[in-house]
Amino acid sequence: MPRELELHPDRLLPVDPSVRGLARELYASVRGLPVVSPHGHTDPRWFAGNGTFGNATELLLVPDHYVFRMLYSQGVALEDLGVRNRQVDPRAAWRLFAERYWLFRGTPSRMWLDWVFAEAFGMGVQLCAGTADLYFDTITEMLASDAFRPRALFERFNIEVLATTESPLDSLEHHAAIRASGWKGRVITAYRPDPVVDPDFEGFGANLDLLSHLTGEDCRTWTGYLAAHRQRRAFFASMGATSTDHGHPTAATANLPASEAEALFGKIVAGAFTPAEAELFRAQMLTEMAAMSLDDGLVMQIHPGSFRNHNAQVFERFGRDKGADIPTRTDFVHALKPLLDRFGNERDLSIILFTLDESAYARELAPLAGHYPCLRLGPAWWFHDSPEGMRRFRRMTTETAGFYNTVGFNDDTRAFLSIPARHDVARRIDCGFLAELVAEHRIEDWEAAELARDLSYDLAKKAYRL
Amino acid sequence: MPRELELHPDRLLPVDPSVRGLARELYASVRGLPVVSPHGHTDPRWFAGNGTFGNATELLLVPDHYVFRMLYSQGVALEDLGVRNRQVDPRAAWRLFAERYWLFRGTPSRMWLDWVFAEAFGMGVQLCAGTADLYFDTITEMLASDAFRPRALFERFNIEVLATTESPLDSLEHHAAIRASGWKGRVITAYRPDPVVDPDFEGFGANLDLLSHLTGEDCRTWTGYLAAHRQRRAFFASMGATSTDHGHPTAATANLPASEAEALFGKIVAGAFTPAEAELFRAQMLTEMAAMSLDDGLVMQIHPGSFRNHNAQVFERFGRDKGADIPTRTDFVHALKPLLDRFGNERDLSIILFTLDESAYARELAPLAGHYPCLRLGPAWWFHDSPEGMRRFRRMTTETAGFYNTVGFNDDTRAFLSIPARHDVARRIDCGFLAELVAEHRIEDWEAAELARDLSYDLAKKAYRL
Amino acid sequence: MPRELELHPDRLLPVDPSVRGLARELYASVRGLPVVSPHGHTDPRWFAGNGTFGNATELLLVPDHYVFRMLYSQGVALEDLGVRNRQVDPRAAWRLFAERYWLFRGTPSRMWLDWVFAEAFGMGVQLCAGTADLYFDTITEMLASDAFRPRALFERFNIEVLATTESPLDSLEHHAAIRASGWKGRVITAYRPDPVVDPDFEGFGANLDLLSHLTGEDCRTWTGYLAAHRQRRAFFASMGATSTDHGHPTAATANLPASEAEALFGKIVAGAFTPAEAELFRAQMLTEMAAMSLDDGLVMQIHPGSFRNHNAQVFERFGRDKGADIPTRTDFVHALKPLLDRFGNERDLSIILFTLDESAYARELAPLAGHYPCLRLGPAWWFHDSPEGMRRFRRMTTETAGFYNTVGFNDDTRAFLSIPARHDVARRIDCGFLAELVAEHRIEDWEAAELARDLSYDLAKKAYRL
């Protein structure tokens, strides 16, 4: 007899009855606000083509590295889950997952998935070995219906705007198709130049050539390369982009004299560079991108500090984004100084900082954002996009940076169906935090009500210029 | 219609009714204890001259870098707030602040300021754009009255002792004037030798010459330089000092053989030193200061880990202490070892450690203070002198260092009017923490009552030998 | 009139009445489970000889560096407590401790000791100056009785299995004697090769010679040395060992080609090595040990990041383990990569990671354990084996690693009488954490019940292959 699946209306709200009452009221006032998703990794092709999503395994298991990394850590082979393996029976893969769903107890994946199961698919029983087939069949069947096509879900999810993330080498054809289709959903792109900025990126040299081809600039010269960036940024902006995104190993920035930057670029394009020179080039490019942002108004996001593809064997066999990216200690104080020395006091520049190193929240990031006009703090990111992670973020940043140097929530996900669940978790946690401040008489109830809306909706729109 | 301003009697106490009840009782027993302020940055001139404080902007806005840094981070120009700008209309500056007072929601500045507004000035409405002028006029008018002269406030605030911080180059004339005046308020100095210890300090060379002039020692020789320190320390002690204070970029200490120390000093005075040599010199001087403390009994405070004047443009235009000091990661385990190898087991030496790097609380500082007889932990400092910061401090240090290796509260402020508010916050948070321990049956109620008094009053007096 | 000593049945459970109710139920279901102690430092001689424990000071004060370090930090001389000083009157030492028992307020030592006093010895009044002699006499008298012999306590404490930790140089004669005695208590060893793996260990060269002697291998050759390890591991396994343990200054691993490893070993045995070479050798040996674990199935534990014997004077006079080991910042992401590149994907290898650097919990350890099949997270260790420390551990690891990449509790103690108290604290804290998750509707009550048993009992047995 499978157990009932039911999402409790008070989930994630503080336990104390009086605080929970306050939190409930705050949450009630924001739960229906539209979703603003200014940074994420959904596929624009979905909204362009509006096709169906396939089966449960393809949609919910194979692309979700949060899910399969946990199964992998407990001895399940990635190929048996269908990762880079089209031979696998999707139902068999789903069963492996369902039988081990208890591994996710206490994780945000469990909360997001239960939301998807209950709210998106209307499942009334819990996922376990005994319900694996019921789940697989029900979900797969529903996915074939029109109500589960991407645009229908976008509308049902009350998404006001959704940003995807593309390389400068992307033609943005899907974004063009969305615009040409007459559909009213607002899906915009964001400029993520890592493939042509990071000399260690796979295929970097070929990427430069492709960038030359796309722009008509000679991207093997420094001036041509920079011009190509400017051109692609303008093109991205024309396709709705309001932001750029930079995923570097560290937060290092540099501010070299033009001639040194050019000479460095020469080494980089020649492929004759040391690891330190690659790092210096990435560092210089953050400052160049800030300069361009000051010109074209694109908001700059820096996502530093992930050691990508830590598991060499998994990378070799299965490629990127397989749950083996591991955070590292990240310095911001020294790393950002060159950029800040040049642009730190620009009120028209907006740089949103993210971190995977929570020890920097109170020590470095809140003090930096609480001083420099150009800096804002992105929300708790990735591993920290979780109830406890969000609470730590608020507790460790608010007292120094305030709420208004933060930028609302990012779901940052490729798991489209979980987007409402993720925003819902953020709204619940923020309302709970605000309710605690009210209960301790640190802010008043009317302030909490304003803040609940700011954190759920307004700050994201403002920070990302949406 | 402006909103009422009223400080809730239970503010900052834990929310659970039974814990709040315990916390209320503990707080009631310590709220009236005198304020012991063993470390801070008020101006002794105030108490010597006992003049009036000027207008609201001059007193509450221009000198408070906690306040103007937040406004600056949100695009307000420092010069428009009157920072290093006497041309600004103080009322206009005050309005800029008042209109943006909501930026401080959730920050300790908001709590301190509301206390000052409500308790010190009796304001009954909240600060906002609509009450800006009312605030400016009321506060400015009250500041002109005798009740708001420094000595009257000192007495009204029930301050038992207040330490200021001076450079060895200071004549301490204001302290002398206070003593000569017959006023009974106890205002003492503390010896902060950074201007003559840190080779990177502005005007270091000239400072050495001035020190020579003041002491009659030749401070360009190692023995003369050390003798000058000893002489000034004795003078400071004669003006009430019981402590020294050292604000170095890191916690590095060194213990060079005398001949090497002397040779290093030679390079320093010649101005021919590398950054590493400057760091080594500061490191050596901490150990020299510890040696002198063992002789003269002055308690030593180390405040390391602030990257001072991080914003080059702001520093150039507006000078030091403009809200642009940013904490950095700080090692204590290796850094303090040379000093501890020499003096760590001295029971008569007392060194109080502070940090801006909370990751060191449980990892390094509590274990060090829980072993070495000479070490004590200063309270949560600067950015962490806040409700959440103080809670983290207690949660992360108590289990390893106990309460009795900590030293009570420091307000560490130049914002004189906020001193009672800051001590009040600390007492509330500590009582709340103790109440939680009682509620979890980790200590008993009578122990909590003793501890509440210890943390609010006794430990500070004992640790600072007051 | 001394105060009553009574352990509150709800101690350490969450304060909110509804959460406390849930926690109480969970705790009631696990409090009686047998103690599984897979890692610790008790003396096998106790169980072999089953003699009596001597007096209160010898048993509870002199060997417990948690206790005497706190007294030392507050100015009590170690020799006056009987540390390395057999001349001291044990009653006088006990009085020094009793008079200062208030120093332990808020520490786990206080909770463990109160448990020992109340539960093990039946004391009904609190320890203080006035009850010092009563305590000393009562405890010392009870220790002379049969009920307080090691085996009787082992049985009374409901210990299912207890692992000690021995050097490869240990004859394991006491373990042999236990087995030969016919006593049914399961006391097993664990292989801790630091004395013959760490070139900086006192007597390293002589230790190699002794290892040669014990094994008949030439441990001054690389192949002989490795063979000796294999032989001793097999011997340890025959005496019940299921794990090895490695206490290195850092988590550095290396994976040198065999010829380079051999050449490095040549330098090490010649005593002609740099600190970096010593570190590289320790790093290489972790990988060698992992290789052997893959062969012989011993679970590998890594306990890195303690700066041992930080206090040079105390080390010189009193030796190791005198409360002067201080945690340091510890990197895992880069440090473990060489080992993980080679063995990270082995499902049959099990490596349990511990840390004294809590900043690594959420940033490095949970992401690593939530991906690599061979990795598990050990519980909150040493300074962090405390109520707040355990809560931080669960809050910072669960969301990314889940519960099932953790391994239950380790008491890791040489204080035999405190073992039940330590497991009891862990069970209470874990049940409280689970109750909070239930109260926030993050897991269901039946899941919490399963998890309570897993965390208290099953995971330790499984992870340590007991």
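Note that the chains are named A, B and C in the order they appear, and that numbering of residues resets to 1 at the start of each chain.
As a convention for this text, a contact is a pair of C-beta atoms (placed from the backbone, for glycine too) under 8 Å apart; a residue touches a chain by one contact, two chains touch by 3 or more.
Just so we're clear, the structure is a prediction, and the values are computed from it rather than from any experiment.
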Copies chain C and chain A - interface residue numbers shared by over half, same or different: different
When chain A is superposed on chain B by its C-alpha atoms, the rotation angle in degrees, nearest 5: 120
Where chain A and chain C are represented by their mean Cα positions, the distance between them in whole Å: 40
Where chain B touches two or more other chains at once, by residue number: 16, 359
Complex contact set, residues of chain B against chain C: 16, 18-19, 331, 333-334, 337, 340-341, 344-345, 347, 359, 362-364, 366-373, 375, 395-396, 398-405, 436-437, 439-444, 446-447, 450-451
Sites on chain B touched by chain A in the complex: 3, 7-8, 10-16, 69-70, 72-75, 102-108, 111, 307, 310-314, 323-329, 356-359, 383-384, 386-389
